[in-house]
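You will see subunit A twice below: alongside subunit B first, and alongside subunit C after that.
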Partner chain A sequence: MSTATSKSLKEKANQVMGVNLKDAKLAKSYMAVAFIALLLGGILGLLQGFERAGLIQLPYWFNYYQVLTAHGLLLVVVLTAFFTIGYFYAGLSHCLGGLLPKVRKMAWIGFWMKIVGLVIAIIPVLLNKASVMYTFYPPLAAAPSFYIGLALIVLGIWVCAFGAFINVASWRKVNKGKHLPIFAFFATAVFILLFFGSIGVTIEVLILIAWSFGWIPTVNVMVSRTLFWAFGHTLVNIWYLTAVSAWYVVVPKIIGGRRFSDALTRIVIILLVIMNIPGGFHHQIVDPGMSQALKFLHVFMSLSISFPSLMTAFAMFYVFERTGRKLGGKGLFGWLRKLPWGDVRFLAPMIAMIAFIPAGAGGIAQTTNQLNQVVHNTMWVVGHFHLTVGTSVILTFFGISYWLIPHISNRVLTPRMNKVGVIQTIIWTIGMLFMSGSMHAVGLLGSPRRTSYSTYGDNATALGWDPYLIFVAVGGTFLIIGVLIQVFAVFHMMFFAPKGVTEFPIADPEVPVEKTPMWTERWGLWIVIMLVVISMGYVIPLVELIVNAPPGSPPFKTW
Partner chain B sequence: MKQARFGLLLFLFLLIPPVAHLLESIMIIHMHMQMPLLVIAGFLMAPFFQKRFPRLFENWNHAGIPGILLVTIVWLYWMIPRTMDDALTVQSVEAFKFFSLPFLVGVPLRDSWKKIGLTVKKIIFIGFTILFFGMGILYIKVPVQLCNNYLLIEQITLGWGFVTMAICIVIYLWYFVFMDHSKYE
Partner chain C sequence: MKFSKHEEIWLTISVGMLVLFMVIVGYQTFALGMGPPSNKETLDPQKVDQTAPFDNPGVFEVGPNEYEVVMVLQVFSFTPNNIEIPKGATVHFTMTSKDVVHGFQVAGTNLNAMVMPGYIQKITQKFDKPGEYLVLCNEYCGAGHQMMSTTITVK
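This part shows the complex of A and B:
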């Protein structure tokens, strides 16, 4: 009873005071950078799509591989990192009663470290001195400043992660014996993964800095790849967890329902944190240097992550059906029609979830050794991640933007802007259906990824790819329209929409509220178990690759 | 009882010859995955035995000390490199492994853990941490192959596995000793 009154009190307080203005400015800055990155990255994506289809040829001073490096970096590092941090900081401010001044300062320091790092890293890309793609696998060597910029970005992220930990710890001290609000629970998980997942890649980048300066002559290529993917894979799951936080917590509120069991939600989060990092091996299934038995064991590691994912799917459809029936939906599927399809804040994440069904299925297929050998390094993989990241995650982010940006800007989402959002979502969906669909297909036919247009001397097989690649360009055209609309919408909502109060939608848990066990709050324990799992996963390949290391590789500039 | 059923299921799964073979094909997986999983299977099955034979546990493991002693001795035995070799070559030793780890380690561990005092727990934790560091350094430093069935590189891997586990236990202990949980809970 007392919690109920205190909650409504808090809600009232929130309505009166709206959002904390200083925290809102921080979140707005993060969002602005994220969507500018979307705009730039999207334009580059379109150029690539046209080049791959043979419709244009990029000039030598701005070639395919420069564009590809920048596209990857802007979209999978800048857009996602800035969005994730801005979103969770806005949420922490909302549900922990404002950020501590110290923490807000840390978030600003992190912001500028990332911006400076980005500028330092992107300059060599523009000068054609760092066409190493966003994975920067050695022995391809970029100019040192590329790696220095990356290191600064990671350090900036760490500052933000520690800021979040400090704020959460201080809240827990004040609210002894209470459960961390669910949104902050998600944030804690994400920042833990961001920090621990990037330790390996930071070590790698530091070594690569020395290597590209020539201070050390050679580098262990296999170890570098392993460290990279411990991070790369974790990053993927950070996006996923970010999207999932909106699915569990926000979407039920928007459709007027209640969220899924609090205890089970927290268990899903804990499982995702614990099992995540060693999953990185599924990106190295065809790499040499690891025994077949080890790779087979890692399939389990990879697949075990699909368990919490399946639980999520179950939970979401459970919430939808219950809410739809409560709203009067009848029959087997009648409840579907009761859902607010015309509301972009629901439609975008809903399509994102639907896209995750084929995307997840493709992922499970890819993680099998034999099937991976068919699709590895083909356009199939590019199709796969434009479906996972480019659709499931990004559409969820777009859906979030239609309430988060008004919330932090003290403005409202107008019905007209909602309509714009619905149209944007549909355009994006059509674009991705074309682009990702044809990428998957042409990948199965053997078209390689990360390769500018070539007919391979008019080889018949290669010519057979062309029709599919045209569809990539068609999809890309839809997508760039989607990007333009989305960026317009974001900045319109930030600066021009009518003033007003928009709530930060957090659904209440189901009634009757079952008690969530207190052990879910033992973050120290989860971190230790996570470390145990990481060491079980990484000790074998790392010892093998370091002790039995092949001769290292000097830096190469192949372009 | 649901737990006991899961434990039995896990035990049966580990018994399947191809599973056992796969897990035993890598030294560190043999010691740091198959063996702990067997212990966990026993741990989960323990309630069944506790309910079935309450007198036995009451008579023989009243304060928990005999149980924890049994756990320590059997587990120590399985840390000797030679025993892993034996398990792979001598059928009866393999059978003993599949019997001893769940039923002589997992079951008594669960029965004892609630009964023993904090001091004993501390001794066990610290003892095993030191042991893990020791074993780790031993396996990393020994220049010769200790097992007929596993190469030197696998031995070094196992050594690092011990060291990282020990580090994890230390972090855990640090978390419990130095963090003031009453401030948060």
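This part shows the complex of A and C:
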């Protein structure tokens, strides 16, 4: 009872004072960059889709592989990093009573480091000196500034991560014996993963800087690749965890319900932190230099991440059914109809969750040893991450934008803008059905990823892929319309929507409130266990790859 | 902190499925020999032409209707190319790369392996169905990546 009163008091206080204006400016800047990256990356994606379908041919001075490198960088690094940090900083400001002045400063420093890093990295891409994809596997060697830019981006992210840690630690000092607010708990987890997950790739990038300058003659390609994927898949799960935070904390409030068991929510978060980083190994299942036994161990490590996701699946539908029944839904599925399908803040994340059912199942299939061999590096994989990242994560981000942007801009979501959002969500869903569906199908037939349009000398097998690739272009056309609507909506809500107060929706825990064990707060312990799990996954292969290394590879520029 | 009855059932069934899945995958990998290509031999990537067996790439008969293909991948081609083998042949591919990372994929089969400079990768396939198979590089390797292909003809 006392928690309920203090909650409502806090809500009232927030309503009177609104959002902290300095923190709001920070969040708005992050969001603006994120959605500009969506616009640019989306346009490049459309060009790619059309080239891949054989409908256009990109000129040599702006070719398919340049476009693909920039598309990947803008969407999987810039859009997601800026959105994630902006969203969590807005939430930390909201639930920890404002950012500390020095933390806000750190977030700005991190912001400019990332922007400068991005500019330094993207220039060689535009000059065709870094057509190495965002995975930059050596011995493909980009211009040194490409790697320097990447290093600056990572350092900028670290500054933001440490800012978040400082703010959380200071809150915990003042509020001894209390649980960290659930949203801040999610933020802590995400920033821990961002920091620890990117240590390996930072080491790789520093080595590549020296190598691309010629200071060291050769590089160990397998170690580089392994360090990259220790980061690469963690990043994927960071986006996922960001989306999950909105599913657990925000969506129940929007549908008028309460959130799922606080203790189980925190356990899901802890599990996702502990088990995450070794999951990246499944990107190397058909690599040489590693034994089948090791690969099998990693199938287990990858699959174990699906356990907390299965808990999440249960939690979400539990909340939906409870809320739907409370609103008068009857029968086995009657509660579904009581959910607010016309509210974009619910519709977008709901479709995102539904998309995660086939996306997760596809992920389990392709993470698995010999099944991976069927689809590795085919268009199937591209279809998979357009369903996971491009739909489950991004639609959740879009759904968040319809309350977060008004919240930080002291404006409101109008019914008309809500309708725009619903239409946008439907267009996005149709586009992804076409694009991801045809990519999955043509991948099973053998069409490779990261390859510009080719009939391989009018080979009959390759010609058979063409009809599917046309649907990629059709999907891309829907998606670019979706991008334009979404970017319009974001900037309209930021600068032109009617003034007013929009709350940061955080659902109350379910009643009766059960006590969450205090041990969930032991972050030091979780980090230690996480490091043990990372060591289990990576010490053996890395030591083996270093000790048994062949002579290294010199840099190559093959484009 | 307690799981509800329904959540327990849900998690038990799904974990059971995952365990069963792991068991089948493990059985196929270790008992049936269907595991992914994982050869661990190495060589100097700058001396491929001087290192056996890659100093003499080609198709070699190693047994009754059994062949070894010693193959070098480089931007943007496979050596040897346009391979012909009889129907029903078991083919062992032994591959390495002379330059960047390549992928070896044969559409319509489960042949799919990363070919890294400095490593010798091995993968085996039995070709039961006659026809022309498309071999392609499935790891981006440079400006001509989309041209890097050849064929295996099974007669």
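Going forward, the second predicted complex is superposed on the first by the 557 of 559 C-alpha atoms of A that agree within 3 Å, B and C clash if a C-alpha of one lies under 4 Å from a C-alpha of the other, contacts with A are read in each partner's own complex, and residues count from 1 in each chain.
Here is the rule we go by: a residue touches a chain if its C-beta (ideal position, glycine included) is under 8 Å from a C-beta of that chain, and two chains touch if they have at least 3 such contacts.
What you see is a predicted model; the values in this text were computed from it and never measured.
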In the superposed arrangement, does A:Val539 touch subunit B (first), subunit C (second), both or neither?
-> first
Return first, second, both or neither, reflecting whether A:Lys176 touches subunit B, subunit C, both chains, or no partner chain.
-> first
Touching partner for A:Ser291 - first (subunit B), second (subunit C), both, neither = both
Any idea whether subunit B or subunit C touches more of subunit A?
-> C
In the superposed arrangement, does A:Asn548 touch subunit B (first), subunit C (second), both or neither?
-> both
Check the residue A:Leu332 against both partner chains and state whether it touches subunit B (first), subunit C (second), both, or neither.
-> neither
Between subunit B (first) and subunit C (second), which, if any, makes contact with A:Val511: first, second, both or neither?
-> neither
The shared contact residues of subunit A with subunit B and subunit C are 291, 296, 548
Hey, which residues of subunit B end up touching subunit A in the complex?
-> 22, 25-26, 28-29, 32-33, 153, 156-157, 160-161, 164-165, 167-168, 171-172, 175-176, 179, 183-185
Residues of subunit A touching subunit C in their complex?
-> 63, 65, 131, 133, 137, 139-140, 221-222, 225, 261, 263-264, 267, 284-292, 295-296, 299-300, 303, 306-307, 310-311, 314, 318, 364, 368-374, 376-378, 445-454, 456-457, 459-462, 514, 516-517, 548-554, 556, 558-559
Touching subunit B in the complex: which residues of subunit A?
-> 169, 172-173, 176-177, 291, 293-294, 296-297, 518, 521, 524-525, 527-528, 531-532, 535-536, 539-540, 542-544, 547-548
The answer for subunit C against subunit A in the complex is residues 1-4, 6-7, 10-11, 14-15, 18, 21-22, 25-26, 28-30, 34-40, 42-46, 75, 99-101, 103, 105-108, 110, 112-121, 132-134, 136-147, 149, 151
